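First chain written, first letter: the chains are A, B, C, D, E and F, and each begins at residue 1.
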Amino acid sequence: MLLHTFNHGVHPPDFKSLTNGLPIRRLPFAASLIVPLSQHAGKPSTPLVKVGEEVVRGQPIAAADGFVSVPQHAPASGRIKAIQLMPSARGPKTDCFIVDVYQAATQQELYEYTHDIDKMSAEEITQAVQDAGMVGLGGAAFPTHVKMKPPPDHHVDTLVANGCECEPYLTCDHRIMLEQPQNLLQGIRLIKKALGVEQAIIGIEDNKKDAAEILQQHLQENDNIRIQVVKTKYPQGAEKMLIKSLLGREVPPGSFPSAVGVSVFNVGTLAQIGELLPHGRGVIERVVTVSGPGVNKPGNYLVPVGTPVEFLLKHAGVTKDAHEVILGGPMMGMSVSALDVPVTKAMSGMVVLNKDDPDLKKGQTQPCIRCGYCVEACPMQLNPSMLGMMASASMYEDMQREYHLNDCFECGSCSYVCPSNIPLVQYFRIAKSVNRDMAAKNQGDAQ
Amino acid sequence: MAPYLNIIIAVTFMAGFGLLLASVLVLANRRLAVYEDPKIDEVEELLPHANCGACGTAGCRAFAEKLVAGELQPGKCTVNTPEMNQVIANFLGVELGSQEKITARLACAGGSNVAKRHGNYQGVDSCRAAALVSGGGKGCAWGCLGLGDCKEVCDFDAIFMDKHELPQVINDLCTACGDCVDICPRDLFSLQPLSHKLWVACKNLEKGEAAEDECRVACNACGRCALDAPEELISINNNLAVIDYSKNNLASQIAIERCPTGAIVWFDKGIQKGQRAKKIIRKEALPVE
Amino acid sequence: MSTTDTQSVTQPTPAFNMLRTLGLVATISGLLVVLSYRITLPMIEHNKQMAIERALFKVIPGAISRKNFEIVNNKIQPSGDKPQGIALYAGYDANGQLKGVALEAAAAGYQDVIRILYGYDPYCQCIRGIEVLKMAETPGIGDKINKDRNFVKNFEALEARPHASGKGLQNAIVPVKHGSKTEPWQIDAISGATISSTAVARMLNDASQQYVPIIINNLSVLENQE
Amino acid sequence: MSDFNTDLRSSPHLKQPVTVPQIMRNVVYALLPVCAYAVYAFGISVLLLLLTTTLTCMLAENLFCRLSNRPSSLNDWSIVITGLLLALTLPPGFPLWMAAVAAFIAVGLGKTLFGGLGYNVMNPALVGRAFVQAAFPAAITTWTPPFLPDRFSEVIPSTLTTPFMIPVPIGDWLKQSEVDAFTGATPLALYKFEQITTPAMDLLSGSVAGSAGETSAIIILAGGLYLAVRKMMDWRIPVGVMLGATLVSLPFWLMDSALYPDPVFVLLSGGLMLGAVFMASDMVASPVTPWGVWIYSLFIGMLTVIIRLFGGLTEGVMYAILLGNALSPLISGITQPKIFGQRGKS
Amino acid sequence: MNADSVTFIFLNAAIVNNFVLAMFLGICPFLGVSAKRETAWSMGLAVIFVMLVSSISAYGINWILQTLNIEYLRLICYIAVIASAVQLVEMTLKKFSPALFRALGIFLPLITTNCAILGVALFQTSREYNFVQSVSFSLGAGVGFTIALMLMAGLRQQLELAKVPSISQGAAMTLMLAGLLSLAFMGFAGLGASHG
Amino acid sequence: MAALPDKHETVTLDTFLRGLWQENPVFVMLLGMCPTLAVTNSAINALAMGLASTFVLVMSNSLVSMMRNFIPKQVRIATYIIIIATFVTMVDYAIQAISLDLYNALGAFIQLIVVNCMILGRAEAYASKQRLGATIINGLGIGAGFTFALLCLGVVREVLGAGTLFGFVLFGENFQPWVIMILPPGGFFVLGAWLLIFNWFRDRREQAERDLAEVQNER
């Protein structure tokens, strides 16, 4: 059978069998939780509570600062011990709430209110999504409600639920689809209503056919939701690729999916919306896949936001050879140095690799031999070979001007295939970061 | 044909030919010439062709145009030798114009022997790249990563990495082109006149223990320097000592004396720290934690 | 050394100045050139004569003097001041006896055009020798057409007999693989330089086809030295 | 919990296992049968030739690496390919000292000068060959027939020429060991100068004169197939070269089959197979862009045939590939792929 | 192919006996202006144009000189006329089409002192080409120059990204590249000379 | 070494020697490349070409220097070119008168001396600003440098390419000539190789200087 798919891409081993059979389990609360004021793309939230104040689980503790921002909710009942600079996974220190969790508390009481979601208007749903502190759980942490208000000149006709989960090791979306089909479909219905679109498509890679079947069973008559199995290939889950696979539409460079009439949401995001919105709750926990050869008890855990990575690791147990901790999947995730960084809303997985893991043994970097593997792999159809050579000659501006550097979404396919072990993506990140700085500087100079 | 007739034809022809050429050129000069000051070319010849932009223009040619137009003075070029600039000044009949020597200065003293590292960064040898990988593993999120992007980018070899993996600027070679300022992912370089001798070599925004935990020479915002300083020459802002260079004439070596960590320094023939600063005995790098 | 500055006028120089200078320089240079031309002319002429004669006497064995003719409208006539047709040199021995005629021929070789002078003996109706005037053939390969003893031997008596009809040759001159020459009108090619050899054969054939009948028909003009 | 030392790496943290030395080693594997057949057909002279070029290449590479203070790059195997291919493109009786010159030039002028592996602008082996072809044109157009009876016991006399001396003429030697009146001409020369077309079967099986490695099309094709299946070579390049050659030769043949050779002969004769499969496909000096690959390979194929049919040389593959290499940056320049999403728009 | 045919003359000048790579004419600009593709292209166009101009002027002058029987003034007249013609063109461009001047004009003075231009004039005279042949010859030479220049520029731009050892940087490498190109161009030898 | 404007050079030994090495027109300034490459396939051609160019250079530059105050700027180039062309034509005829073979070997390149950038460049940059004496000495130096460079190429190319030097057979009958050396690519390669050798020495010298500086820094 010819499966729907996109051009290029790669086939890394998926390692999903480590966790895809394990049901989601709840993780205990850590002694203190670290809730960053900025867990999303956009402006950091503004604190609503003072140091020393008591908070109840689910209570809003920070408010959105403007449209592209979301509120934060207390992930546990306890006391705000401090608001201070703490390391973040990306490096810079950011302001965080430190919540001392009341160990004695049952953590049952939830701060919530109920609305009748069936009666809500599109506007109200969007507002409710923002109030819930929803951000994209697929990894980008982009505030969900912003995506629900496409630019007025874009007519959105299709909602796509992204259930591809193409990253190796990760299975949290798979588990959510298996265990919470109702929530997911409920979420889709809500967003469909809010966006005013007719059809919705759930895109699922063909290595998760069981999820597709379960969802199929829960579909209702007039849902107009289609489940589409797509080819297992990395990065099938990237929204541009998925849209191409499902609908044959190509999002133009530099545009958002709404330019071709599509909105894409991660299935985790949609399931949480389906679950939280009827109760007016906020995002305070998420499912995290903990996996990799360095973990003793891999699995899918329901983790309160703010739990230190260290706590999670201790709970899952690491081998003595554990050597590298990756937040997210191995293709796009980032390894962290400080283990006191917290689990944030966008963190879908944690992969621990061992010291002698063959995957870590990247050989010595050699010059590009122009084998063209990377060109064949790049889903954006860029020319990573050329870009890489230009990067090592520091021709950053030319990379952007002539070779579409900024259209690279850092999927890592090119580095994955390069037989010369050239850290292409890393070069591109350097180039982009220098270009960004220079652009900012030139803008500053101009003013 | 008689040879002399041929000779006469030839000479006459050449004379006519020369006159014709000359007339054409005369005409062309009258009708077509577009005026462009020849001095620009000549001045450009005398410039170093480094096109570094240190003079504040888009390159040597642009600088030459501005020089000839009298908008700038030759002294602005910091790459050329002073003698050569004098030649230009004489040629154009203008003042040499002087410019205080400006140099690049680093706001970090956290070498590998005093600043902690949490992770073992493995990847491209580049600060930019390391900064993007969870901050490169350096404990201090503001400090120098020590992989030498600045050294690489400096066209004038004015930066070398010392044995603690901290960049050091050779003032004599630095042309103040600003490339290192642009490249540093942690924004640690700035261009300063040599007369700015008092200097805070830290950008850590934490205070007290938190700051000193990560780096033994961090500014811990204790405020003693500010207390001492005349007329608010030094103040504490956002957990960091800040020097108001508009009052630079008040600055003196006394200012560094009370700093407990040595984050505030005095530049004069090398870097001087206050007496009270903790002594740093360790020579080798701290182990990765 | 840019000429741009020429038009970058600081202050317009009087046109007269320019006219005077250029005119003067041009005149002087004209004079210099004419003088040096006149002085060297006899030497150069002499050199050229020598060169031609050296070649000529090589391709017409036995000749010690020559006379220039030209072919105009299929007729041979002594050449005048202005060349009008194809040049043709006749060589004579001490008795004023015609020993042969020489003509130029050319064809594209391996690198560039090859130009030769060949001597034709109207009495034995054969080509008596060739001399390469100009070529750019590969040294060591193509340039053997000048030196290779076997190859040069081809032209000791290469048959070029006019056809009975008075048009063209009876047997076309053709190249054959090295070592397989059997007929007097064949050229034994140099092994490894087939292209250059072929070029020589082709140019000889083309030229002979055209001019041999004319030479034979106008033999009296040449013999009479008129 | 163990307080482990974390390593910090940039994504992706997974890596496809194929590496450059692995690719190169596989190309060597694919070349070995070709070498073996060459030795079988032409005897120990070719064995000596192969050893000379390969060893000289390796020595030169090592020397240059040391001179330029770079770590030795012998372990990436690419230089072995260069050495083997160079020998395979030389006539079987080529003097060894000249072969060593070719190998030295191949490494020095073809590769090291530009920075070594990955930076050379033209195929090093062919640079070496083109150099000796221009330097010693007579020696490189002296052929010997295959399957001489004494080939395993006797070295072709020209092989062991004293360095810097003119090779001994082999005509007499050939005559005495000749079975029938073999002329020592390659199929292409036979065709070009005597209009004799060699039967395709002979060409396929390799019972003709020619460069050491170019004579058996079947073995070369098999090696190419192996590489293409293992994705260690771009299949489009050999296919494109052959397509280009056919595209040019077919119309001429249809026009005048007496004057022009048939496409099958064009494809199977001379070094076209070896060139298309192993040399045009050298990735370093060929474009990476999808359209670029096709333009490049068609160009090589077409030019080969044009040189063969209208040029002064009997064989054009080497020059066609070198010119293709020279053109490849320009081809890359004009064939940058349209990026994702640009297609619909102008 | 006939050695005097217009096509042969064109191909010969452009490819077989490429002006730069086989005849060594115009090497200075070839080495100097081949660093970037864009400039190489503009330079190539400018050279084609100037060659055409100078070929035509040379044809005219030669006719005059021959009539007056003073051919020995040929060299002086050629070079003087070519230089002035180029200068006139340059000034005209600068005045009336600054855009075109910026693209081509900056190369014009460079071209004046270029062997290839004078070479075209001298060769067409010594080979006694007629007018049409002269034009085709100059076009061929110009195209050949452009081809060589573009190939060179492509290679050099690519090598900008390479880690070229310090001893072969600069002119040495450019010359070696030119040598390699010239070696590759030997493959065209005899093109058009055999078979028809 | 940019010349300071309006300053007359006093003639020293350096005026001459500079052209031979520091400002060698071929190896350093890369001027006059066409004759350098085209006629150096034998040493005798190289020598003849070098001498002819030197003659033209010295004579024309002297004339330019003598007339430097009378030539209006606008017709500068035209005048220079006519002067140069005059001398070139003279040389051309002189060589024809001396030996036609040599003339044929050098081909059009004698006439092409006119456009040799070296000569016009010198006229522009030096002769038009300097006194006669300095001009002549400098011209001789540059000419000698040019001839020297041509010989460097010519000797290598002839020895390798033909096994002869100035026509004398060097290695005996059986020497295998490297034909490529007298072909066009050989010209490029030999000049490139010379430059490589010079670069190598330059690099070594620089490296030694750097090492020395480092040792001094350590102290």
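Keep this in mind: contacts are C-beta pairs under 8 Å (C-beta built on N, C-alpha and C of every residue); 3 or more make two chains touch, one makes a residue touch a chain.
As the structure is a computational prediction, the values presented were derived from the model and not from experiment.
Visitor: Using the touch definition from the top, what's the fewest steps needed to get from subunit A to subunit F?
Guide: Shortest path length, in steps: 2.
Visitor: If every chain is reduced to the average of its C-alpha atoms, which one ends up farthest from subunit F?
Guide: The chain farthest from subunit F, judged by C-alpha centres, is A.
Visitor: At what distance in angstrom does the C-alpha mean of subunit D lie from that of subunit C?
Guide: Centre separation, subunit C to subunit D: 44 Å.
Visitor: Using mean C-alpha positions as chain centres, tell me how far subunit A is from subunit E in Å, no decimals.
Guide: Distance between chain centres, rounded to whole Å: 60 Å.
Visitor: Quick one: subunit B and subunit F, Cα centre-to-centre, how many Å?
Guide: 41
Visitor: Taking the mean of the C-alpha atoms as each chain's centre, how many Å separate subunit E from subunit F?
Guide: It comes to 22 Å between the two C-alpha centres.
Visitor: Considering subunit A alone, which of its residues make contact with at least two other chains?
Guide: 334-337, 367, 423, 426, 429
Visitor: Enumerate the residues of subunit E that touch no fewer than two other chains.
Guide: 70, 72-73, 76, 80, 83-84, 87, 91, 112-113, 162-163, 167-168, 173, 176, 179-180, 183, 186, 189-190, 192-194
Visitor: Could you check subunit C for residues that touch two or more other chains and list them?
Guide: 1, 3-7, 9-10, 18, 21-22, 25-26, 29-30, 33-34, 37, 110-111, 138, 140-141, 195
Visitor: Judged by the touch rule stated earlier, which pairs of chains are there in contact?
Guide: Contact pairs between chains: A-B, A-D, A-E, B-C, B-D, B-E, B-F, C-D, C-E, C-F, D-E, D-F, E-F.
Visitor: For subunit D, which residues count as touching subunit C in their complex?
Guide: Touch list, subunit D to subunit C: 137-138, 141-142, 193-194, 312.
Visitor: Where on subunit A does subunit D make contact in their complex?
Guide: Residues in contact with subunit D: 10, 12-13, 168, 240, 244, 250-253, 255, 310, 313-314, 317-318, 320, 322-326, 328, 330-337, 339, 351, 353, 358-360, 362-363, 366-372, 375, 379-383, 385-386, 402-404, 407, 410, 412-413, 415-417, 419-421, 423, 425-426, 429.
Visitor: Mind listing the subunit E positions that touch subunit A in their complex?
Guide: Interface residues on the subunit E side: 160-163.
Visitor: Tell me, which parts of subunit C touch subunit E in their complex?
Guide: Listed in rising order, the residues are 1-4, 6-7, 29-30, 33-34, 37, 106-113, 195, 198-199.
Visitor: Considering only the defined contacts, which subunit D positions touch subunit F in the complex?
Guide: It is residues 98, 109, 131, 134-137, 139, 164-167 of subunit D that touch subunit F.
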